[in-house]
Amino acid sequence: MSWMHTIFALILLPAIATGMFRILRGPTAADRMMTAQLFGTCGVAILLLLSTGMGNPVLLDIALVFALLAALATITFVRRTWHGSNKRNHGNPL
Amino acid sequence: MIRDHHVPRGSTLFDVNRHSFLRILVFSAVWWVLTGSDISSWIVGIPAVLIASKLSLMLSPPSQCPLSLLGALHFIPFFLYQSFRGGIDVMRRTLLRQQLLDPGLVSYVTILPRGSARIFFVNTISLLPGTLSAKLDENQVTVHTLDRGMPVWANIQALEYHVAALMNISTQKKNCL
Amino acid sequence: MIYSILTLFDIILILTMLWLAWCLLNTEDIFKAVVLFISFGLLMALAWVRMRAPDVALAEAALGAGLTGPLFLSALRRMNRTRKGERRLDSDENREKEHKANQEQG
Amino acid sequence: MAATKETMEILYNCGTLFIILGLPFFLSGTVGLIRFPDIYTRLHALTKADNVGLGCIVCGLALQSGSWAVTAKLLLIWLLVLVASSASCHLIARSAMQKNIEPWTRS
């Protein structure tokens, strides 16, 4: 247990909360998706810090899953949702 | 994608050449990292490692431009330093009061061969200071830059040189395949 | 000391999640809702961690954010395609058309 | 054993410094996401700042952990995030180019 790491994690939490504005406001769909990516990266950092702060090494595994799956969502978004939405203009989907 | 190479595809399941040995070593290391020092986990681990190395050999067959250790020793410090500079650069632009942005598109023709070297190059461009790879047509990379005043061209060229050294590609030859 | 910091952490996390959930329920744009859902899943995993249930957090991160998110995104594309093919099964227009047809027959 | 204890303490403090160094990168990544004018510049802020910030934090935690297994796991996580974010960054930028989204320019 270390209070210092907990404070660091606490500092990172507003970074996530502020990212919300971009989801609400983002003009294009990609802007919104990028915020989800930011949540993923910040979430990994918070989990790493909490794993020392709470003294629980299992949290490293959760961080690993975060790192893998946040990217999965972005890639699905680009290949499925965003590309498919106006295929008429550009005939070459990837 | 590199497809026209001569790796014995129809070989036996566990024929031990240099490539498969290396991959088995890498995947064993990953398994060790994931599970820690628990010996009983290797009951599942050994089959998993073998299947993973077989699959990886099938999906991305070893290229003729293998990684060089010396190149990696040069590349890693270069990459760490450059990406750190990139982070500092972005931080400066975001936190200062007036906006220091002068974005634009730069196009760059790479001499790296198609395949893993070029993909690696395009992906690492995004982590360099002020550059972001936005498009890849054959050997032409379109790079978005945060500041047109930066020496983008020189930066990318340095990166290309290091990637070539990492992948054992001589920069004189146009194509290593 | 550490407990007060963790409590503060929890409070901020809860407030963020409540705000997120409120926006998620209120939004009209479906894509925005999907992105908010993915973000909510990630924060929910953090919340499970704070409730000392790391195994549930693992499942939440994998299922909530990792699988359901891409699933929704794929479904969204199907929905758009259906809409373009003028075959909106569930829309009010269709229902009105059916209603009119029924009335004409009746 | 006093010497090893001292080195441990030095390593621990170095790790703390690294973590403190990493935090502003994350904050600047978020600020950039909010402040920058178009999608490409936001991608710049997101990928670079966050990766460097995570790198600093991983480095600091690795120095503090004092065990090779934990260090290797932290490095694996960082590598995964690095690969994932650079790949998805390129994908988003390429799709944006294909959709003819014009980059913002100073005019």
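As written, the chain order gives the labels A, B, C and D, with residue 1 at the start of each chain.
Operating definition for what follows: a residue touches a chain if its C-beta (ideal position, glycine included) is under 8 Å from a C-beta of that chain, and two chains touch if they have at least 3 such contacts.
Since this is a predicted model, take the numbers as computed values, not measurements.
A.B. asks: What shortest step count links subunit A and subunit D in the network of chain contacts?
C.D. replies: 1
A.B. asks: Rounded to a whole Å, what is the gap between the Cα centroids of subunit B and subunit D?
C.D. replies: The computed centroid separation for subunit B versus subunit D comes out at 17 Å.
A.B. asks: Distance from the CA centroid of subunit A to that of subunit B, rounded to the nearest Å?
C.D. replies: So the centre of subunit A lies 22 Å away from the centre of subunit B.
A.B. asks: In angstrom, rounded to a whole number, how far apart do the mean CA points of subunit C and subunit D lie?
C.D. replies: Taking the average C-alpha coordinate of subunit C and of subunit D, the gap between them is 28 Å.
A.B. asks: Of all residues in subunit A, which are in touch with two or more distinct other chains?
C.D. replies: Correct list: 16, 33, 35, 61, 64, 68, 70.
A.B. asks: Can you list the subunit B residues in contact with two or more other chains?
C.D. replies: 34 - these are the residues of subunit B that touch more than one other chain.
A.B. asks: Is the chain-to-chain touch network here best called a line, a ring, a star, complete, or other?
C.D. replies: Line.
A.B. asks: Once the touch criterion is applied, which pairs of chains come out as touching?
C.D. replies: All touching pairs, sorted by chain label, are A-C, A-D, B-D.
A.B. asks: Along subunit C, where are the residues that touch subunit A in the complex?
C.D. replies: Those residues of subunit C that touch subunit A are 1-2, 5-6, 8-9, 12-13, 15-16, 19-20, 23, 31-32, 35-36, 38-39, 42-43, 45-46, 49, 54, 57-58, 61-62, 65-67, 69-70, 73-74, 76-77, 80-81.
A.B. asks: Show which residues of subunit D lie in contact with subunit B when the two form their complex.
C.D. replies: Those residues of subunit D that touch subunit B are 24-25, 28-29, 31-32, 35-38, 40-41, 43-45, 47-49, 51-53, 55, 69, 72-73, 76, 82-83, 86-87, 89-90, 93-94, 96-97, 103-106.
A.B. asks: So in the complex, the part of subunit A that touches subunit C is made up of which residues?
C.D. replies: Residues in contact with subunit C: 1-3, 6-7, 9-10, 13-14, 16-17, 20, 23-24, 29, 32-33, 35-36, 39-40, 43, 46-47, 50, 53-54, 56, 58-59, 61-62, 65-66, 68-70, 72-73, 76-77, 80-81, 84-85.
A.B. asks: How about subunit B: which of its residues touch subunit D in the complex?
C.D. replies: The contact residues of subunit B facing subunit D are 29-30, 32-34, 36-37, 80, 83-84, 86-91, 93-95, 99, 101-105, 122-124, 126-127, 129-130, 132-136, 142, 144, 146.
A.B. asks: Which of the residues in subunit A come into contact with subunit D in the complex?
C.D. replies: 4-5, 8, 11-12, 15-16, 18-19, 21-22, 28, 30-31, 33-35, 37-38, 41-42, 44-45, 48-49, 52, 57, 60, 63-64, 67-68, 70-71, 74-75, 78-79, 82-83, 86, 89-90, 92
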